[in-house]
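Listed next: structures, encoded as structure tokens.
Shared between the two complexes below is subunit A, which pairs with subunit B and subunit C, respectively.
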Partner chain A sequence: MAKGVAITGMGIISAIGNSVEENYLSLIENKIGISRISNISTVHADVIKVGEIKKTNDDLISELQLNDDNNFSRTAMIGTLAAKQAVENAGITSINEFRTGLISATSVGGMDMTEKHYYDYFEKPELVKYITCHDGGDVAEKIAEELGLKGMVSTISTACSSAANSIMLGARLIKTGKLDRVIVGGADALSKFTINGFKTLMILSDYYNKPFDNNRKGLNLGEAAAFLVLESDEIVAKQNKKVLARVSGYGNANDAYHQTASSENGDGAYLAMKKAFEVSGLKPSQIDYINVHGTATPNNDLSEGRALKRIYEDEKVPDFSSTKPFTGHTLAAAAAIEAVYSVLSLQNNVVYPNLNFETQMEEFDLTPQTYLKNKNIEHVLSNSFGFGGNCSTLIFSKS
Partner chain B sequence: MTKKTYINGVGCISTQKTFDTVFLEEANVNHDENVLAIITPAYKEYISPAASRRMAKGVKNGIVASALAMKDANVESVDAIITGTGLGCIEDSEKFLKSILDNKEEFLTPTSFIQSTHNTVGAQIALLQQCKGYNFTYVNGAVSFESALIDAKMQIEEDEANSILVGGVDENGDYTTALFKLNGRIKADNTAPYDVLTSKTSGAVYGEGASFFVLENEKKDNTYAELLDVSIVNTLEVNEVENEIKSFLKSNHLEISDIDALVLGFDGNVDFENYYRNLAENAFAQTPVLYYKHLSGEYDTASAFAFWMASKILKTQEVPEIVKVNSLTKPAYKTILLYNQLSGKNHSFTLLSK
Partner chain C sequence: MTQNKTNIQSYITIQNNEIVLNGTSVFKIEPTDFADFSKQAYRNFEMQYSKFFKMDALSKLAFLGSELLLSPITSTEEENNIALVLANKSSSLDTDVKYQESISDKQNYFPSPAVFVYTLPNICLGEISIRHQLKSENSFFIFDTFNTEFMSNYSDILLNTNKADMVLCGWVEFFKDDYKAFLCTISKEENTKFTNETINTLYNK
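Take a look at the complex of A and B:
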């Protein structure tokens, strides 16, 4: 069995906390981050609930000590905060000392600025600086600049699986020796664009989302950013670094079924998990906790559940839960924050509760873990699926 | 032994007639416009009219370019699909955003939202081909296509896939084009003639296109070239590029004198053209230097057009006059280096050999 790629640092900002510690405390103390929206004015404000980071853009600007002439989108700001935490947590002081890369992920980049200023650009010259924010690569660009990172920088956008793919690519870049060190993760801020997009698809719940419940009504959108530092074993040994956990498996597949819906038998999800097991050399029975994608849309949970049943065949599906009742669905950042939660699960030997669950789905006998459970955790599997049939699975293991 | 990566099929939809032609013999430099539109292929030969009506321009071009590449490579299926796009399906993003703003978030329909996600092209190709394999979309400005190339090459080297469809696709959207004129990314209106090599102004003439390639781990009769290496670097100063190239070549056991042609991303933006001119006039003064953005226009994945051009040169051993920067020639073209950057950021180095 391959040893997996070392994770040496983590950073996160989400609706349930502005640091790794805060996020962990919220998870074990059932402190949810779902509320009414306050930072964006939208006609849906009284209907929807969101997982919002309770900081205004001005708060973020002063926290990052940005100049008045900065053109950071909210996505870039939360991304930078999380990436800086991760780098600091990994004890990196000289960012370009080794071959270091940055692989970010986002769904709509700086859409929050585009939608705010779209019709004003021609009248207000002072806003023109925000035009370039729209570019999907702008967030990574800004993070790289703030970190002083000059090497390989790229961004993945595969909808809600994006950050899983940036972690996967990062692990492969380390494994193949192309990089010594890579900062991987993703960022997405809430925007009117996504709120209305999901609204038109009629998959937003007007109440607290309840994954894997028979009466689930849809998802709550959220915003977040998280980054992890991956390092090669040589660099880890050379610097005598503490390894938090390892990325031991990954798999990517396409459902090839529909642009926005998942297939009923969960083909893509099944293939992604299957590949991740092949890469890790682990058997499904060795997984102690599954952090499911579990968006609480009727379609996702059915498809994902079916795929889990297929993977586990006659065996019992291990303890599983969706953490989206805490954070909301943070789209391109989801797999990154859930990677942080997976590592915390390994470090603290806990299974997080799948909040709001009441009634088992009629299609299968799958009941998520509903309260905090302490037990030894050696391996965690994390799923993330997105529009366009993009399905990704990551496996994290104790170091 | 690590498997080698071969380019076995190409498909290019661009602002030139790059399909149903031999090699740029009908190419034409447009000096009059600052935004160039693609020459549309006969979509109905590839996509049903019903499906075509719902699809964005970029999606359609991606589907046609990928179909051309697969036909050219004589393959029925691939193991993975990897796409690069700078702005994704920008027309649908514009459409959805405008309807949100104009209708105050009421009366919206999901179609343009569904199509607006950056991975729509890769997803639609996978759907059409029922390809359930690896599927990634990169969105990092001028290195979006090269990110896809790096990934694909790694897949082949690690034996994770035998054949991969890789492409770069971008489309122009009217409003975004207007914004790019406002912020100077596109050259100002009414300042024609627009020239690339003799330009005295900032900004670029913009274009759009879709170029797809079949990369395989096997050399075949129809192989265009071997993809030796790809590297992307976020930040470099003008005076750092030469050393970066030297060490990139060295890691491939090559020197500057081994390069038979250097393809540069000259786009007529005086603010950053020193990145190219410095190389052309100094380190590569004895090398045939080629350019292409006067044909393709500038856009985030324009470098995929250059990749298509270099593949064609290596296969046909012919360099069209229209792409020459200097008058130097080589008796044979064995190794070609591509270098591109945008506004001093997102530098890419791509090395192909016959």
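Take a look at the complex of A and C:
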């Protein structure tokens, strides 16, 4: 069995906390981050609930000590905060000492600034600076600049599986010896663009999201950023570093079914999990906890559940839960925050509760873990599926 | 990991109202906008796929290129393990702007699901996958310029680790009617046609 790629640092900011510790405490104390929206003025404010980071853009600017003439989007600011935490947590003091890269995921990019300033650009020259922050790639460039990182920088945009693909690419760059060290993850801020878009698709819940419940009504959007530091075994040994956990498996497959909907039998999800098991050399029965994608849309949970039943055939599906009732669906950042939660699950031997669950779905006999459970955890599987049929699975293992 | 030499099998370039397949111009019309150009190209090659007409411009561009490269080699009977690795500069910005315009005027507020679904660059990968029933690995990267070294490395890793039998790799850029697509198929199969070429040299032709 392959050993997997070492994770040596993590950073996160989400609706349930501004650090790894705060996020963990919220998860084990059932403190949810879903509320009414306060940072964006929208006509849907009284209808929708979101997982919002309770910091204004001004709060973030002062926390990051940015100049008045900065043109950071909210996505770039929360991304920078999380990436800095991850680098610090990994004990990195000289970022360019080894061949170090940054792979960042986003789907929103600088859309929050564009929608805010779009009609003022002609009248207010002082706002024109925000035009260049719209580009999805700008977020990663900004983070790299703040970290002083001079190596490879790339952005992946594959919707809600983006961060899983960023972690997967990072792991492969380490495995193939292209990089010694890589900071991987993603960031997405809330924006009217995504709120209105998902509202238009009629998959937003007007209440707290209920993954894998028969009466689920849809998702709550959220915003977050999280990054992990991956390092080669040589660098880990050389510096005598503590390994938090390992990325032991990954897989990506296309559902080849529809632009936004998942296929009835979860073909893409099934194949992504199957590939991840092949890479890790693990058997499905060796997984102790599955952090499901579990967006609580009627379509996702049905498709994902069927894919799980197919992977486990006649075996029992292990304890599983969706953490989206805590954080909301954070789109391109989702797989990154859930990677942090997966590592925390391995470190603390816990299965997080799938909150708000009441009634088992009629299509299959799958019941998520509904309360915090303590048990030994050796391997965690985490799913993330995106529009465009892009399905990804990651497996994390104890170091 | 066995390091086998990988070879470019075919390539296609779409820009300036012209489609060039393996170095030969196969379709060229008088200067027009992309909507018209893409429709004429679709008709010229008699592509029977009505979903084409609801796609956004980026997906149409990627679809046209992949159609001419993949249709002759994909089979409907067996699984085609062809990975998709595409990149561009402007993401889905062209469609993002259209969607944004539909929601920014309170008096004229018509968000459309049909437009929103295309506000992500990787949707074009989904369209290609649906068309050819590809359940293979796929990723969409955003770079300032076509990073040919990265893209060919990525493709080689996929082929050398047996994650894919073939990779459709390339650049599909579309913003405000300014477009360029460059796509090529790469595999371990021998092909002497482009021995002295790389993604970089072909892209810049």
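Please note the rule applied: the second predicted complex is superposed on the first by the 399 of 399 C-alpha atoms of A that agree within 3 Å, B and C clash if a C-alpha of one lies under 4 Å from a C-alpha of the other, contacts with A are read in each partner's own complex, and residues count from 1 in each chain.
One rule holds in what follows: a residue touches a chain if its C-beta (ideal position, glycine included) is under 8 Å from a C-beta of that chain, and two chains touch if they have at least 3 such contacts.
In this text the structure is predicted, and so the values were computed from the model without any measurement.
Trainee: Using the overlay on subunit A, decide if subunit B and subunit C clash or can fit next to each other.
Mentor: Verdict on subunit A: clash between subunit B and subunit C.
Trainee: Answer with first, second, both or neither: which of subunit B and subunit C does A:132 touch in the superposed model?
Mentor: The first partner, subunit B, only.
Trainee: Now for A:44: first (subunit B), second (subunit C), both, or neither, which partner does it touch?
Mentor: The answer is first: A:44 touches subunit B but not subunit C.
Trainee: Return first, second, both or neither, reflecting whether A:172 touches subunit B, subunit C, both chains, or no partner chain.
Mentor: both
Trainee: Considering only the touch criterion stated at the top, classify A:76 as touching first (subunit B), second (subunit C), both, or neither.
Mentor: Touch partners of A:76: none, neither subunit B nor subunit C.
Trainee: With both complexes superposed on chain A, which partner does A:200 reach: first (subunit B), second (subunit C), both or neither?
Mentor: Both partners.
Trainee: Applying the document's definition of touch, where does A:119 land relative to subunit B and subunit C: first, second, both, or neither?
Mentor: Both subunit B and subunit C are touched by A:119.
Trainee: In the overlaid three-chain picture, which partner chain does A:144 touch, first (subunit B) or second (subunit C), both, or neither?
Mentor: first
Trainee: Is it subunit B or subunit C that touches the larger share of residues in subunit A?
Mentor: B
Trainee: In the superposed view, which residues of subunit A touch subunit B and also subunit C?
Mentor: 107, 109, 111, 114-115, 118-119, 134-137, 152, 154-159, 165, 169, 172, 176, 178, 192-193, 196-197, 199-201, 252-260, 267-268, 271, 386-390
Trainee: Can you tell me which positions in subunit C touch subunit A when the two form their complex?
Mentor: Listed in rising order, the residues of subunit C that touch subunit A are 1, 84, 89-91, 93, 96, 99-100, 103-104, 111-113, 116-127, 129-130, 132-144, 147, 150, 153-154, 157, 163.
Trainee: Within their complex, state which residues of subunit A touch subunit B.
Mentor: Where subunit A meets subunit B, its residues are 42-44, 102, 106-107, 109, 111, 114-115, 118-119, 121-122, 128-129, 131-132, 134-138, 140-141, 144-145, 149-159, 165, 169, 172-173, 175-176, 178, 192-193, 196-197, 199-201, 252-260, 267-268, 271, 386-390.
Trainee: Which residues of subunit B touch subunit A in the complex?
Mentor: 81, 86-88, 93, 96-98, 100-101, 104-106, 108-110, 113-120, 122-124, 126-127, 129-141, 143-144, 147, 150-151, 154, 157-158, 175-176, 178-180, 182-183, 185, 231-236, 300, 345-346
Trainee: If you look only at subunit A, which of its residues touch subunit C in the complex?
Mentor: 107, 109, 111, 114-115, 118-119, 134-137, 152, 154-159, 165, 169, 172, 176, 178, 192-193, 196-197, 199-202, 252-260, 267-268, 271, 275, 386-390
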